[in-house]
Amino acid sequence: MAKVFDATEVAKHNTRESCWVVLYGKVYDVTDFLGSHPGGAKIILKLAGQDATEEYDPIHPPGILEEELKSEACLGTIDPSTLPQEAAPEPQEELEGPPPMENVLNLDEMEEIATKQVSKKAWAYYHSASDDMFSKSFNNAVYRSILLRPRVFVDCTKCDLDTTVLGHKLNTPIYVSPAAMARLGHPSGEAGIAEACRNFGAMQIISNNASMTPEQIVQDASPDQVFGWQLYVQIDRKKSEAMLARINKLKAIKFIVLTLDAPIPGKREADERTGMTGRTAAVPSGVKAAERSADDTPNPTEGSGGVGQQLFAGTDPSLTWTKTLAWLATQTDLPIILKGLQTHEDAYLASLHAPQVRGIILSNHGGRAMDTAPPAVHTLLEIRKYCPEVFDKIEVHVDGGIRRGTDAVKALCLGATSVGLGRAALWGLAAGGVEGVSRTLQILNDEMKTCMRLLGVERVDQLGLQHINTRAAEQQIYDGPASLEPLRREFRSRL
Amino acid sequence: MAKVFDATEVAKHNTRESCWVVLYGKVYDVTDFLGSHPGGAKIILKLAGQDATEEYDPIHPPGILEEELKSEACLGTIDPSTLPQEAAPEPQEELEGPPPMENVLNLDEMEEIATKQVSKKAWAYYHSASDDMFSKSFNNAVYRSILLRPRVFVDCTKCDLDTTVLGHKLNTPIYVSPAAMARLGHPSGEAGIAEACRNFGAMQIISNNASMTPEQIVQDASPDQVFGWQLYVQIDRKKSEAMLARINKLKAIKFIVLTLDAPIPGKREADERTGMTGRTAAVPSGVKAAERSADDTPNPTEGSGGVGQQLFAGTDPSLTWTKTLAWLATQTDLPIILKGLQTHEDAYLASLHAPQVRGIILSNHGGRAMDTAPPAVHTLLEIRKYCPEVFDKIEVHVDGGIRRGTDAVKALCLGATSVGLGRAALWGLAAGGVEGVSRTLQILNDEMKTCMRLLGVERVDQLGLQHINTRAAEQQIYDGPASLEPLRREFRSRL
Amino acid sequence: MAKVFDATEVAKHNTRESCWVVLYGKVYDVTDFLGSHPGGAKIILKLAGQDATEEYDPIHPPGILEEELKSEACLGTIDPSTLPQEAAPEPQEELEGPPPMENVLNLDEMEEIATKQVSKKAWAYYHSASDDMFSKSFNNAVYRSILLRPRVFVDCTKCDLDTTVLGHKLNTPIYVSPAAMARLGHPSGEAGIAEACRNFGAMQIISNNASMTPEQIVQDASPDQVFGWQLYVQIDRKKSEAMLARINKLKAIKFIVLTLDAPIPGKREADERTGMTGRTAAVPSGVKAAERSADDTPNPTEGSGGVGQQLFAGTDPSLTWTKTLAWLATQTDLPIILKGLQTHEDAYLASLHAPQVRGIILSNHGGRAMDTAPPAVHTLLEIRKYCPEVFDKIEVHVDGGIRRGTDAVKALCLGATSVGLGRAALWGLAAGGVEGVSRTLQILNDEMKTCMRLLGVERVDQLGLQHINTRAAEQQIYDGPASLEPLRREFRSRL
Amino acid sequence: MAKVFDATEVAKHNTRESCWVVLYGKVYDVTDFLGSHPGGAKIILKLAGQDATEEYDPIHPPGILEEELKSEACLGTIDPSTLPQEAAPEPQEELEGPPPMENVLNLDEMEEIATKQVSKKAWAYYHSASDDMFSKSFNNAVYRSILLRPRVFVDCTKCDLDTTVLGHKLNTPIYVSPAAMARLGHPSGEAGIAEACRNFGAMQIISNNASMTPEQIVQDASPDQVFGWQLYVQIDRKKSEAMLARINKLKAIKFIVLTLDAPIPGKREADERTGMTGRTAAVPSGVKAAERSADDTPNPTEGSGGVGQQLFAGTDPSLTWTKTLAWLATQTDLPIILKGLQTHEDAYLASLHAPQVRGIILSNHGGRAMDTAPPAVHTLLEIRKYCPEVFDKIEVHVDGGIRRGTDAVKALCLGATSVGLGRAALWGLAAGGVEGVSRTLQILNDEMKTCMRLLGVERVDQLGLQHINTRAAEQQIYDGPASLEPLRREFRSRL
């Protein structure tokens, strides 16, 4: 029979030399594990000697505890009556619940509702963007600066949103971006998002940092459901190779999304603040916020700060076109989509790497990586201006800033194949679980169809530049020095 | 003698199988009528078993009840003492009345006053626009971005606003647009607007969804008063044909306005919210806001939601240049004006259909159809740039965003023949009935004359591009791909 | 001995048939004068039967009462104890006074202080502008959009602001515009402004609607002080001719400013509101705000409304280049400056009329005539672009929107000879009388000198286009149809 | 033994004829010194007869009292019990202290914290800028209008900020500008800033108006630490020559920065207000704010007003390219950097003066000299457009508006060699002393590195125009008349 511990006994083990935590009523000795925690040792040491369940649960896939720790690490159970009382019920439990999802009329309302439902930590992680959040708001503002050109006297009885991505049929060009940590917002997590996507024939890209395992997420997928899997290549390549091996076995996953726009974490201050103001009783003296940022390279074993920075621990910042794509070719036959391109030069380079690279996602990481980075609309316009042939060679997807169906339609008019939702899907999940994500997709689908009909368009593939007035945005895009010829020559020389 | 019913008896008949309503003190069995209600069955079912007079009255032409229902549908009268008390007096009755209309100085003040006078439902219907109401506010902002160019040392003693539309003499280029549901705002309704227009020699276009019959509206017209009648073609063509037959007989109506910018309803959230928060006791379970929007095509028997969406039930979204104009030629000899054009391409196409088509109205439906659709000023500038010959072949009218006489003068300088007021006329009516509409027209006429005199202009036909600086607006208009030659060729090939 | 009247007796004479008013303790029968009051009969009828001193005093030149009324019109004196008590002390008397003028740092502060000192009526008259006051605020905003280009390593020990206007030496290019009704703001009135101008060697243009006679204003002028006199030509030409005869005799007045930008009044709503909410007990029934605006032409005997509209009563809207300048040549040998030009076309036309016309003032009447009229900066840029020869033929002055010395310097860089202050002088006067106007001039002079020195410039005539970056403003100016050749030809044909 | 004075006795000596002040517990007779006080007599007279320690201490280098006053000026000591009580403890002492510096996340937070820590006088001096502070805010806004262009798939493991200025190695391109009066903000003063710079390998330019002597500031410098010294040339050249002689002896000082953008003080109203509202009991009657500004030239013996204006007393406004540089060549062999250039013309002229002039600092004095002067970014773009050869001949540094590491990187991309912090360093010092300045440098270094890595750049010298989109800013820069040929010819003719 397992030993029963008193909380005061556990509390003594709050150092790097002897580090215990309580998880789901059990007491674990994680001293040996500190060095290999993907999120770094610091974040564990912050909670050393305490019940860490509340912090642990929403950001770790169920079952991973047993997978990662040796069985002898579990020392016994905690006597719950000895735990501090105030830690038990979260104040948010007392909130009145969200309204019926069918009464939510738009994505802004959904975010408002979600904001009231989620913990401060989750809000900070979802809401935050880098520096002054200029790019985050510009991502949307640039869509509002594009005017639509409705055509009249066109039969608009029929309208559907069917499209294909890499040959896979979808019922909507809206997909869910690889946003991490869904269980921070709602216990149904990424699997809940998958359930909503199934009902709408929508694609989902699973985050490398999902709070559930890929297997758990795709478990209830329909046979024709389409998933991508996002890869952050780890410094420890073996970990990435092991993950890819698992992914290769999941038939629901149709492609790999290699994320490139965040080789190092951006500065998300709202998120970092939650890292500072959390429970700090057990923080070893000298572990301060400033230490992190003084480091030149993220230390894989010593991450701390907000959720966002923890997730970056272990990510390899040394990826390159030649080296990394070659390595990836040895690990998977799945098609590759590169995510996070923000210049026409990189879009052009990607197109040179077809057919291994089958698509790109223009993204500034929801404004979370570099502030004042360009929105996807700028990059679309740059490609149109400097190297439109890219659209013929690879698929071009976009994300960032979508709040209305009209925003999505404008992206499609500019040549995007599909349009991703990051925060919006998480806000939907946080507001109403599966129903919230479904309502989010429903709202956007409805708005897109209304928009297409009023444009006089029946199918997604009919949308084009003649349907939008992008003059304001065009006057803002890059027109500095850029020559694609050297890029082409250098690429050729490597063949 | 008619049977007298108790309200509790009526309340039992609140289902699709047996649906009774109380109207003007009488009890009707409308079960058989549910399927043919132009506004859909749902809206009736919401009020089934109840006194629906308050909801019914302001949006239905007087007398239409007797016209539409068989006499046996009237089962008897209600015992008024048995009705719930709180339904009787509206809280707005307690408001202090509006100030004297002659003290209202501008259209913004008029809207403020009206806002205090009308029910929330009327406010929501009048005020709402699609999505984020960007186009609604841009409609006006674009006028403010145009500067006037006053000329001096010109005799400006005389100034009049006389003009003609399709050869009919008018005393002002301001007209009232076909805005629906005037009785929501004031009991004098569309006939009250007609009375005000008569006094100012102003044209009025009667909405297809007026809350009075065309006959009632034109009843007191002066011999030289000019009306147009707006047509929303119904899926059930017989209904439209019957209406056109009635219109053909009314000598006051000089032309047909075929509205094209709203083949399906835009998303007017303020209006939709009133549909949600209304009385819902009798709503059959399972009838939710979300259902509507999930439909691909508006279901003619099942409309619901806000006033705006109800009005669209039955409207045909399949109209086309060839088919619809040909059909219309068989139904009426009245000149046709096409309303809702938002691109120079469509304006050009319309001009090819002269002389059946005698004019167009550039309009984005007051920002109520598609958000981020262009304002009429953009379309005027596009036509000037790409196909100025349109102005020679057909009349070009505009509406949307007029708040000042200077706005109207700017539209005339750009080539508009006349300038429509939608909401402004309704706000005037809601604020002060006939006097309110008169004051609205008076304010705009005065402002226009002041403006024209300061420009050094005596007559409307002297206004031109030399009187305005449109440089800011010109830098925003569409300059993407557009070729009119294919449009011309295709049109020719159909002859 | 004069008869003493009881206020109740006077109160009976409150009709058009018998109209008495109390002024400065005397009772006048003004029934016969109603028809010839330059401000119209209505405004008198509003005060009929009452003590009108408070309304009368600040807007009429002292002594004009005796000049205009026959001696028998004075019936006797009022028994002051019988007058209503509440009319006696104005609430503003209780205010704490303004701070020492030397502590006021800028013109915005001066306006704030003045706003607290003056009556609502004066504030409304001074502050108001037409419609939405767009032009009023744009007048200043356009200066802020122009950047300065400081040059360094230039000896800036010396700097003076000396300049000349029509050959007359001045110590500053800042002058006081012909703003009316100075005594509304402070009892020292226009003569107080003259005193301040004398101390600064600044030019002053006396308003046609000054609240003091020209003789009173120039009475204490220094020998080299420079005045202009503003002419609003009256429908009754004899009145204007009599005034010009008086002006011709005043040696201090060096030129005539013929104002052209307000042949009819603009719509100044703040000002009109005070006309409405004033004392109305004695207003004959049926005299309503709306009546005015329904008129096509200002009725010289029936003006009413705000101060601004009263002042326009009697002004002739029929002036023209040929007719009016010819008439003026018969009335005066003084040089003519035309005020209120807002287009390069009119500036060009004016230059054709040299040497009778010696200068122009680019002005949109402080935004008080036509809203969305262009600011003087636009007109300066237009002239530079389309007909720079104007600068060689006549002087070009500007007013409107000056809040800082840098604003004035920018106007000079663009080619202006001098820069007028309208409201700013009145705010200075209202805030601190002569000292307030002096402080206003001091502030601007100081700011201008600081600006010029930092530009590396010693004298006003060294300022040029190389000192400013006007790129933003240039992108906004008119570039529509305009040809000066027809203007030139037409002018020649008249010779 | 020193005589002990009673405060009432001291208080009698409060005139120009007999002027005593208490400093650090001693009583001084400064009557004879009034005429030679660099800050002018007025400021002393304001405090005559009083204990001036609080005002004196933070703006005078320690020890200068003994240096400037003859020993007999010290009359004795004050009996502290006779001094007014309320003068003793400052209310700010009661404030809660700043948070730990490592928790400060960005420069805006730092300023907020500093604002709460410092006296109103210090805040006003640091925060103020000229007129409406347009240039101050535009300095930053223009950086936000520049978008970054992140490149992906580039190994960004390594990144350092090493650079050189005039051949001296630095660890960061961020330097501290010659901002005056550091001890107003924190007692560690300019030496505290030097300590922080030493730890970061950052350059510091010592203000001519530092509140410590140069010797004190560089005392603890490391052997490879780099300082510049800012020269404001005094009207009394001997003073400047004496200072230069001292500077020539300090090996830590590597170059002279000759400031040109403020030959006379700008109008810093917030700062001037503190001059007005200070203790005024002892102000001689007639010494008013207005007097100052009425002067044509700053009177070296009569300065007053805010801190900023006091500092300008004695500064020579007559410097010129030829005369001043020739004089300077006779006084020092140190390289010269010219500060405050704001036009490409002056940048070009400076480049002609190489090699005596080795660099320039593009600066509008933090918006403190002339409002609406252009930001450094405009001048960088102007140089790029009109005379890019300047970058080859001299170093180009910038300051003004830096709030984020991305701002600094953008300046480097445009060709700047290094980027100065003015207020930001003072806010850091005021918020947390040495630690505050260190944290400020740390934040910017971290943000710059994050930015460079996300751009795919390892070293500062790799940054270029291809990394930024400056289209919005380019549309705003000067394109008026400018020819460099006459400048070149005139320069040649002087050789």
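Letters are used for the chains, namely A, B, C and D, taken in the order the chains are written, and counting of residues starts over at 1 for each.
Methods note: a contact is a pair of C-beta atoms (placed from the backbone, for glycine too) under 8 Å apart; a residue touches a chain by one contact, two chains touch by 3 or more.
For reference, the UniProt names are A, B, C, D = L-lactate dehydrogenase (cytochrome).
None of these values were measured; they are calculated from a predicted model.
Listed here as common contacts of subunit A and subunit D: no chain. Each step here moves to a touching chain, and the least such steps from subunit B to subunit D number 2. Under half of the residue numbers at the interface between copies subunit C and subunit D are found on both sides, making the touching surfaces mostly different.
Superposing the C-alpha atoms of subunit A onto subunit B requires a rotation of 90 degrees, rounded to the nearest 5. Distance from the subunit B centre to the subunit C centre is 45 Å, each centre being the mean of its Cα atoms. Rounded to a whole number, the gap between the C-alpha centres of subunit A and subunit C is 64 angstrom.
Taken residue by residue, subunit A touches two or more other chains at 475, whereas all remaining positions touch fewer. Chains touching one another form the pairs A-B, A-D, B-C, C-D.
Touching subunit D in their complex are the following residues of subunit C: 100-103, 105-106, 144, 146-160, 404, 406, 439, 442-443, 446-447, 449-451, 453-455, 464-466, 468-472, 475. Residues 131-132, 134, 260-261, 263-267, 269, 272-273, 276, 288-291, 293-294, 296-297, 317-321, 324, 338, 340-343, 345-346, 349, 364, 369-374, 378, 475-482 of subunit A are the ones touching subunit D in the complex.
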